[in-house]
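Next come two complexes, and both contain subunit A; in the first it sits with subunit B, in the second with subunit C.
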Partner chain A sequence: MPERILKEIRNIDTVELVAICSFKGEIGFKSGNMIPDDEIRQIAIYLLRIYAAQKLTGNKLLSMEFYWNNHFLTARFADGFLIITVCSSSEVLALLRITLNVTVANLSENKPFLKWLKKHKQDASKHLRRGAFDDLEIGLISRLG
Partner chain B sequence: MALVGNLKDIKLANLVQLNCMEHNTAKLTIEHNGKYGFIYFEKGQVVHAEYDPFIGEDAFYRLLQLFAGNFKVESGIRAPAKTISTNWNNLLLEGLHRLDDEGQGSGSGYTRLFERLYTIKGVKRIFIIDNEGRILAKSTAEINDMHIALALASHESQKIGETIRLKAPQFVSMNMGNAHLILVRQNENTLVLDVEKKTRLDLILPLIKKALSG
Partner chain C sequence: MQLNKHAVCCLVSGKMPGEVSLNSMEWAVITQIDGERTVDEIARKLTFSLPEAMQIFNALVEKGLIEIIAIKDETVKTVSSAFFNQLEKILVQFIGPVATYVINDTLLELNADRSNYPKNMVPELIELLSDEISDESKKIEFQKQMLTLLKKD
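Take a look at the complex of A and B:
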């Protein structure tokens, strides 16, 4: 069923990639090949660091959108997982937001998905403690919370 | 009848000047993000100011930092206390000096940028942070402790761009349920706009772009 849900998102005009990642940063389900898996995992880790840093300052990050000229990346955070999508038109972002909200609700009731999620459970804050960091990240993370 | 408006349309310094030159006795109330500030005039002199937790000149200078907020001027209301004795001219001059000095790396450049951004409907607060999370300029006194986490968000956004062989994103939107932030990378610094929750990004982003191009 997660695959069918992903296909629904992929069917939105100009959506080139959709991936569901656990808070461990592992890709659970994916549709589209425009970004290699190792790069998706790396993006997921950067997003989870942002999410965890916000959580430390008392904010619950629900979603993020990144705007380049002809590329748009969205991240929808949910309980224990996040959905990353990439599209090439800003006109579909509004529809994408609504679809992702429905997707999160559907996934939260999907048994195979929940079983996978349980296996990959992790606190996002681990991404602030473990991993490869540059000097700026080390400095900023040390001053958080 | 009370005079009401928003500081987006008239600067607080101009409002103070107007009341002083008219020799007014009045109470000026400013509401910004649910917080209230007060300035009292007596016969054209500023005699008292409050902006929690500040009182007197400190409160007055903090209020001058506001670029937005609803205001109301009620004539004939006298101050509950006298905490300011400095002549209004000197008070205003000192306040404007502080505004220029306080965290504004490039003088009044940010002030003009903030003014342009504040004309955009939905913009509530603006601040600029450097890549280490230091606040370079801010439109309001209180921005909580979010600046470090936002500097990290800006840095990680740049790295996300690099991962897929793109530059730093032009805009990053962060929806936090109770707040909606827009991050705009400007060289090594990040401009952060706190916008109203229901703001439509497709409408506001072109306006921000236009304001930035100046």
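Take a look at the complex of A and C:
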């Protein structure tokens, strides 16, 4: 069932990848192979750090859009999960945002999905804790004023 | 053929240009030329402004590296009046009889009108109209119904 919901997004012109990740950073459902799973997990964790950092300052982040590797990467956050999509044209972004809003609503009523989500529940702020950063990130952070 | 935003280019074959040097932007454009996409499509893909892209394409033509092979159809598909009637009908359910005025105001904001609204810009219109619905769950319901309508149209 969540796969059918993912197909709705995948059917949008130029969308090359859709992945639903838990707040642990794990991929639950995916359609498209343009990015290896390890890289999707890493991207999810970076996005979750931004989400968690924003939450700490009192802002609830709903979505983010980036230009990345000649593609447009969209992250749509919801309670306990995020949907990452990658498309190659900016023309579909408005349609994608609407579709993602509806997808989040549909997923919130989808029993198999909720069951999966329950198993992978985690607070996004865990990605900001000491020990969660790799050497490269620690090096970058140490250079911050 | 004159270079414009609807022009389709391909790499020149069978002719060896003299020694040429390319800057990074020209190289980026070269990598996207496939004989199918227009200047406008490539500009969007590379997030160049249209004047910027035109300048680069012109430079590449002058260097003898690319040539124009076609000009794509410039006609823009517009939405039907039936679509607007349906949209109004749906929006009335969420914001009441002001829906007509809200749609007209939003179209004005977008510098468009019902008779020539491009089909590919409908999602932007839906997003703007959604902002007029304060209740979050009703907003999603509106978007859900509009997506269904878009698929039918």
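The criterion applied here is as follows: the second predicted complex is superposed on the first by the 127 of 145 C-alpha atoms of A that agree within 3 Å, B and C clash if a C-alpha of one lies under 4 Å from a C-alpha of the other, contacts with A are read in each partner's own complex, and residues count from 1 in each chain.
Here is the rule we go by: a contact is a pair of C-beta atoms (placed from the backbone, for glycine too) under 8 Å apart; a residue touches a chain by one contact, two chains touch by 3 or more.
The structure displayed is predicted, hence computed values, not measured ones.
Of the two partner chains placed around the shared chain by superposition, subunit B and subunit C are both touched by A:94. Once the two complexes are laid over each other on the shared chain, residue contacts for A:54 go to subunit B alone; subunit C is not touched. In the superposed model, more residues of subunit A are touched by B than by the other of subunit B and subunit C.
By the touch criterion defined above, A:73 reaches subunit B but does not reach subunit C. Judged by the touch definition given at the top, the superposed model places A:33 against neither subunit B nor subunit C. Contacts of A:102 after superposition: subunit C is touched, whereas subunit B is not reached. Touched by subunit B in one complex and by subunit C in the other are residues 67, 90-91, 94 of subunit A.
Those residues of subunit B whose C-beta lies close enough to touch subunit A in the complex are 131-133, 144-146, 148-149, 151-153, 155-157, 159-161, 163-164, 166-167, 169-179, 201-202, 205. If you check the complex, the residues on subunit A that touch subunit B are 35, 39, 42-43, 46-47, 49-50, 53-54, 56-57, 59-69, 71, 73, 90-91, 93-94, 136-137, 139-141, 143-144.
Residues of subunit A that touch subunit C in their complex: 67, 70, 88-92, 94-95, 97-99, 101-102, 105. Remark: subunit C residues 41, 44-47, 120, 123-124, 126-127, 130, 137, 139-140, 143-144, 146-147, 150 touch subunit A in the complex.
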